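Below: a set of structures, written as structure tokens.
Both of the next two complexes hold chain A, though its partner changes from chain B to chain C.
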Partner chain A sequence: MVQPFPDDFKPVLETDFQIFLFENHFKTVFPEIFCLFASVLLLIYGVLYARIHQANADTLRRKMKIFPPIMVNHVSLLVILAFLLTLILMFNNPIMHATIFYNTLVCDDLIFFCKILIICSALLSVCISLDYVRKQALNAFEYIILLLLATCSMLFLISSADMISMYLAIELQSLCFYVLAAFKRNSEFSTEAGLKYFVLGAFSSGVLLFGCSLIYGFTGITNFSELTKIFSCTGENQHFTGALIGMIFVAVGFLFKITAVPFHTWAPDVYEGSPTSVTAFFAITPKIAILGLFVRLFESSFYDLNTEAAFSLQLGTTQGVSTTFNKLLSMEFTSTLPWQKIFLFCSIASMIVGALGAMNQKKIKRLLAYSSIGHVGYFLIGLCCGTVEGIQALLINLIIYLVMTINIFAIILSPVRRDFVHSVQRIKYISDLSVLFKTNPILAITLAVNFFSMAGLPPLAGFWGKYYLLFSAFSCELYLVAIVGGLATVLSCVYYIRLVHISYFEKIQNRLIFERVPKINGWILAITFFFILFLFVSPGATRRSTSITRSLLQRIEIRDHITDRHA
Partner chain B sequence: MSILVSIIFIPIIGALILFFVPNWKTQLIKNIALNVSCLNFLMSLLLWIYFDHSTAKFQFSQTIYSESLSFTIAIDGISLFFIILTTFLVPVCILVGWKTISNYVKEYCIAFLILETLMIAVFCMLDLLLFYVFFESVLIPMFIIIGVWGSRERKIRAAYQFFIYTLFGSIIMLLGILIIYLQTGTTDYQILYTTEFSEKRQIIIWATFFASFAVKVPMIPVHIWLPEAHVEAPTAGSVILAGILLKLGTYGFLRFSIPLFPYASMYFTPLLYTMSIIAIIYTSFTTIRQVDLKKIIAYSSVAHMNIVIIGLFSMNSIGIEGSIMLMLSHGIVSPALFLCVGVLYDRYKTRLCRYYGGCVHTMPIFCILFCLFTMANIALPLTANFVGELLVFQGVFCNNTLVAFLSATSMICSGGYSLLAYGRVAYGSCKPYYIRSFSDLSRREFFMFIPFVVVTLWLGVTPQCFLDAMHCSVANILNI
Partner chain C sequence: MIFLVVYIGAIAVLFLFVVMMLNIKLAEINEKKYRYLPIGGLLGILFLFEIFCIIDNDLIALIDSGVSIANSTQLVEANSSQLNSDLLTLDGGIAPIFYKNLLFTEWSELAENLTNIQSIGQCIYTYYSYFFICASFILLVAMIGAIVLTHHQSVYVQTQKELFQNTREFSKTIQKHKGRPVFT
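Right after this comes the complex of A and B.
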């Protein structure tokens, strides 16, 4: 149902012309359409002009022994432009709340917020990797267009209101990702990463599709809002066992994609193998999209899917555990809804595995992979609260995580010269950081502040994120997860301060020279650094910006209203 | 702008100025840092001058309202002296590194100025959450100070221990704060002060707070980090650790645990008494065995801080005032002793007792000062510690004579280890190893010590002017 125009909106054309049936629908998704068209047009542009440049490049190569990157610069700049235009279009979209295309796509404040986050993260990760792409001889403009296409598919993913559109969007996104992971064709790590990602990704997509079909088979519905209605209106003794299993499959499929434990095993390999610019993109953007989707899927559609008989984790009966802990466990796992149980388990496991796994890593990208697994654990706390505070905390954390990750990758993507190696390199091992404080103290302090923030030390940004999360967990009586979250912070601190220790206290192990940090990386570093450092001046700013969860509150209220009426 | 706000911001402004001074102008950097911190000390004396002794109200209060964050900063008779102590110690820290710190001078000064701001903010913050925030954020500069300017390779381990121990306790405290916030919906101290918590909840929250403060004090099972951190930190780091950071724990007990959870405090008093007495006796005996001069002072700090705990939980105004006095005097005497060890270390590059001997022949002025501070550490009458310990014992004697008796053994033990250490360094035959390279105190060092001498004697001779300012606040905390 299309909402009428807001009050201050006046149609420009007031002549009597035929209104196209889906006109408002197209207006709603105009930014996405623009994004899609931009990617296609840029592809055409690239294909047409690459040949001309290729010819030039050949002559250059032959005559002057110069190896110019082909088309990458142009297309990257154009893609950045496209992102910016999409942002502008999104902010100026006249229709903010709508359900369109026969309940296939939906648009509201939460979705709008997530979309903005996604575009920002994609934009920033393209910006910080400009220099990398140029110097690392990833001589293919398709790379950057694939990023654009993946972002576009994530925009669709987050606004999808139907199982089918959801599946289509996530497949498009995954296909782009497989190619991106394997993009550095002359590196066996990258190929391996691509292959691993493809096999496991295809498997998880299969699981997801299976879950969707189970839900469809048992309820006859693929639409999210219809699912909400049907689950909230069931009586006491009606159990959707099949749908429950379907929901579990859907959850597992998605948990694969956001690298939650126990579905995380591919993450370190893929993060390490793929080109660093792609890793930066992987680390942030899909998580925002899928967690945004989770909020709508589990906080509203599957929220009332409740069958105690079919699936209840009675962990509390283990013998030899002290009674208080026993009580805590049983309270945690019996009083919660089925979907909450899944996420509770994954959240606790992710936090612990993320912290423990990162302790003994030697390569920085693997370490960051584990760190992001840990962060996913924290995000899932916000999700499994099932309250508005929880979602708000989740969104706040996403913002802060976005900023911190962009910051760290901007440092990793800055060029470095290594002894005995001719070409420009990047920081690869964590022992490379040992030169940082001696040669580039400003980068070192940025890195240290960022790591302290990731570890959740006050007064830096990461602390406020964790504070809101723990608070929301406490307020809905998820004590166990809150306590584990607190202790996992201490555990994760061990390896974060190990990085600080390497960059500050250790003798130089690897002889590296930092080249000039690219200008755009410098700007982004400066901005994100100040955000991390000075968020405590007004921690509520993030809170205000995520107050859009109000709209979700209304939806929950409506659902409760329906439930009350039928009970 | 109120004095308090300017005291908080002066060091930060100093650090900002330093940020734009080029690295190689080390003399200029040191001068700026010293002047800024001295200016801040003078400003903090203004606090004392304008302080109204006759009220328990929070003074110099400055409330910051904004949509997202509103809090009050203010001081009462308790936090007043801690702020002055902080501003007193920071110039000394910069002065002590004047010659010895040769690399990263700018970073050194910036770290100490930022640390100063954070510590002052801890003492004047009347918001539980922000107290926690600043309480924790002290870790970051301190971690870097120990790790970068520490003396040996073992410093890494020390920095780790310091960090992880403290963080572990603090995270548990954060959970306690969240419980409070869930009940009351605010973390403002003055509102919490009027809030009643149920007994069961008091016990839980008190225990979470205890986890954090006990690490900072440090109480007995979690005191391992302290000797390590003290030994490995640079002299200035030890000064701040002994002078201020240890007081954060006891200050937290005094400011939050006792007034907010009186029932739980009573409930846990026997536990605290037991732990503290074990700590006092155990660490005193441990101290006697130590051969590292810094470790001797570090362990004796543990003993003294546990006497402070006993005084706090005697739950009468004499005991509490005594422990505040003891905190202050320990905050003067213990840093002074660390400075003495620093002076020795700068000359001989070792801290082990057996390399020293007969210093009284080669460094007479130094030995006089060292003797004075050793005597103060033993709590000789007319020195600072005596007043505090006497009041503590008197206070706890009203409450529990056995505890008073056992804790008073610390005076004998401290006599044992302090005199032993002093005797090993100052007396005996001159050790021939370094006889050619001796030198007595330089002018800088002498002027560094003079304020400590003055304050030690001042606290010991006329403690009344300190006690006057804290009567009302202490009575207020005890709800008398």
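Right after this comes the complex of A and C.
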């Protein structure tokens, strides 16, 4: 017997969407919104300008050649302006701590710090490549707009608080990168780099997505903070083996993107093939974004996922394998968390391969690719520690790495006049550096100091980065990784100092002349040089600057208090 | 059904076209067929092993296996039979009246029916609008990339001149030349 419901009793089912949905949220992400709008506006400007130019040329001289207008210069200046304005907006942002857009984005001090670093590195890498882009006739303004879009996506990546927003942001970033790597269409190297990057990047994105879906399948959650809560409740008998495998896949997907060692093979080819200005961007900026995300994912979300006791109990069948694996690596591995194992392995392998692989390289960009792989190994030490000290060391090292890499790429991007091969008007081979001291001694000094710093010789900046990292590794008893880090430093000294030796003492092998360094490169070189040289006066400055991670620190302390692990 | 057939047919033809377009030489495939088999097979077996580990551990009901499903159904049946007996033992007329006047509310009628697309739209345009915008930017980048990487900016472009075409007079399109014909 069905009786209809009385009409006046019917609840109102229309939803009123004029409510406070996202009322203040747009204010929080105002810098990012500005950045996106700037990119779209500049794109429209570029397209319209080219069209109007062409139409004018049509009407003026109908039979003449119509060249596309050279726009990359002023569009890149406008992009630099956009970056500066984004920085200003970022510093004057009224809301610093918020979880916004229905738990999809989050803002806090760590994220703010990483965003500032990302924008600075993008800005500097555009500044140092202005002259290169003009000389190489990369005559398409889309290049610089894609850079801007990639930077925006990294800002979103770092502030994502949800698996879906993280994946979308990283896809946006990777798509920009594929196009940027293949940007020099007429160069075979560049097309190869683009294709290689695309295939491997798509594969790693697939792995990442598979990991996310496994985690979602076994927990029903995509939000990072909720993942923290659900994993912190794992006791002796409860376990998330499915989520553990999902976490491994997520880690592998990101380690692909960051060129850590078992997944590094694409890096030298892509770095070599893509235009040097793009290489400079690749070498610095995405690492900051992904490492910042790592800190948030692995130091808070996956931190408590399956502690060792629960892990070895449940995977009874694989116990034999896992214990031998532990014994193989080190004794202290028995007390590490599951995610720490992955990163410890990748860190040790990256440092060793980075140091050994760079020894036999003839081209400077391949050498720098291996050098960056080695640096990624050092960054992962900071991540493995799982302590506030480690995170701080990681952030300090990121600043120092940013400065050193900007410096070295400013040198490499400086113009060169070559007598025989007119098509390669830049430094390509290591032997090209042999003329550096004779033609431009100041540049040679900068290069030498920078390479000494990268090798980690004591008074320079690079030493302090490694000092903090290894110190934090020792303080949380990761002796093996610290010792390997020290040995890898010694190994990497060999090839860094070989470069200095080539630039100072070797006979001139290639006939080329260093031209006048462009003004903006000169300024950036000078500033970074002084930073590298005089950081030892007050190495605590970088440490203090990273003390804005205190919100993260508090969070970790609270978490440690709750879970009562890891002193 | 007919839509499905047409759709599948179209997709199949599309695939055929793609396969036709690809310049794959059969000999090359045969040559490299077994090259990556050992390492690939090893990784695949490892992966399968992991998945079996999950199936053994995680994909079981959260209820302790001691309380089987049979037990629980028995429990429910016992409860319901007890309830029935309670109702029957109530004095004479009340139980039938209770059953007769019982009001049922069809909740499914009251619920708003939304199609999948509508419900996705209600999520994606309101709470998860950020995802939507992000996805749109991904598509924008894909478009820019495709244009940048494939568009040839050649110097001798024969562009369409709309103004010129539209202002052309009909009477002047075919002209009669006086005098002798001009061959150029």
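Quick note on the criterion: the second predicted complex is superposed on the first by the 492 of 567 C-alpha atoms of A that agree within 3 Å, B and C clash if a C-alpha of one lies under 4 Å from a C-alpha of the other, contacts with A are read in each partner's own complex, and residues count from 1 in each chain.
In the analysis below, a residue touches a chain if its C-beta (ideal position, glycine included) is under 8 Å from a C-beta of that chain, and two chains touch if they have at least 3 such contacts.
What you see is a predicted model; the values in this text were computed from it and never measured.
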{"item": "Contacts of A:489 with chain B and chain C, given as first, second, both or neither", "value": "first"}
{"item": "More chain A residues in contact - chain B or chain C", "value": "C"}
{"item": "First, second, both or neither for A:102, with chain B first and chain C second", "value": "second"}
{"item": "Touching partner for A:156 - first (chain B), second (chain C), both, neither", "value": "second"}
{"item": "First (chain B), second (chain C), both or neither touched by A:522", "value": "neither"}
{"item": "Set intersection of chain A contacts, chain C complex versus chain B complex", "value": "none"}
{"item": "Residues of chain B defined as touching chain A within the complex", "value": "66-69, 107, 129, 132-134, 136-137, 139-140, 143-144, 147-148, 155-156, 159-160, 163-164, 167-168, 171-172, 174-175, 178-179, 181-182"}
{"item": "Residue ranges of chain A in contact with chain C within the complex", "value": "1-3, 5, 10, 13, 17, 21-22, 36, 40, 43, 54, 58, 65-68, 101-102, 104-105, 140, 142-143, 145-146, 149, 153, 156, 164-165, 168-169, 171-172, 175-176, 178-179, 182-183, 185, 194, 218, 239-242, 245, 314-315, 317-318"}
{"item": "Chain A partner contacts - residues on chain C that touch it in the complex", "value": "50-51, 53-54, 57-59, 100, 102-106, 109-110, 112, 126-131, 134-135, 137-138, 140-142, 144-145, 147-149, 153, 155-157, 159, 161"}
{"item": "In the complex with chain B, residue positions of chain A that touch it", "value": "441, 448, 452, 457-460, 463, 467, 470-471, 474-475, 482-483, 486-487, 489-490, 493-494, 497, 500-501, 504-505, 536-541, 543-544"}
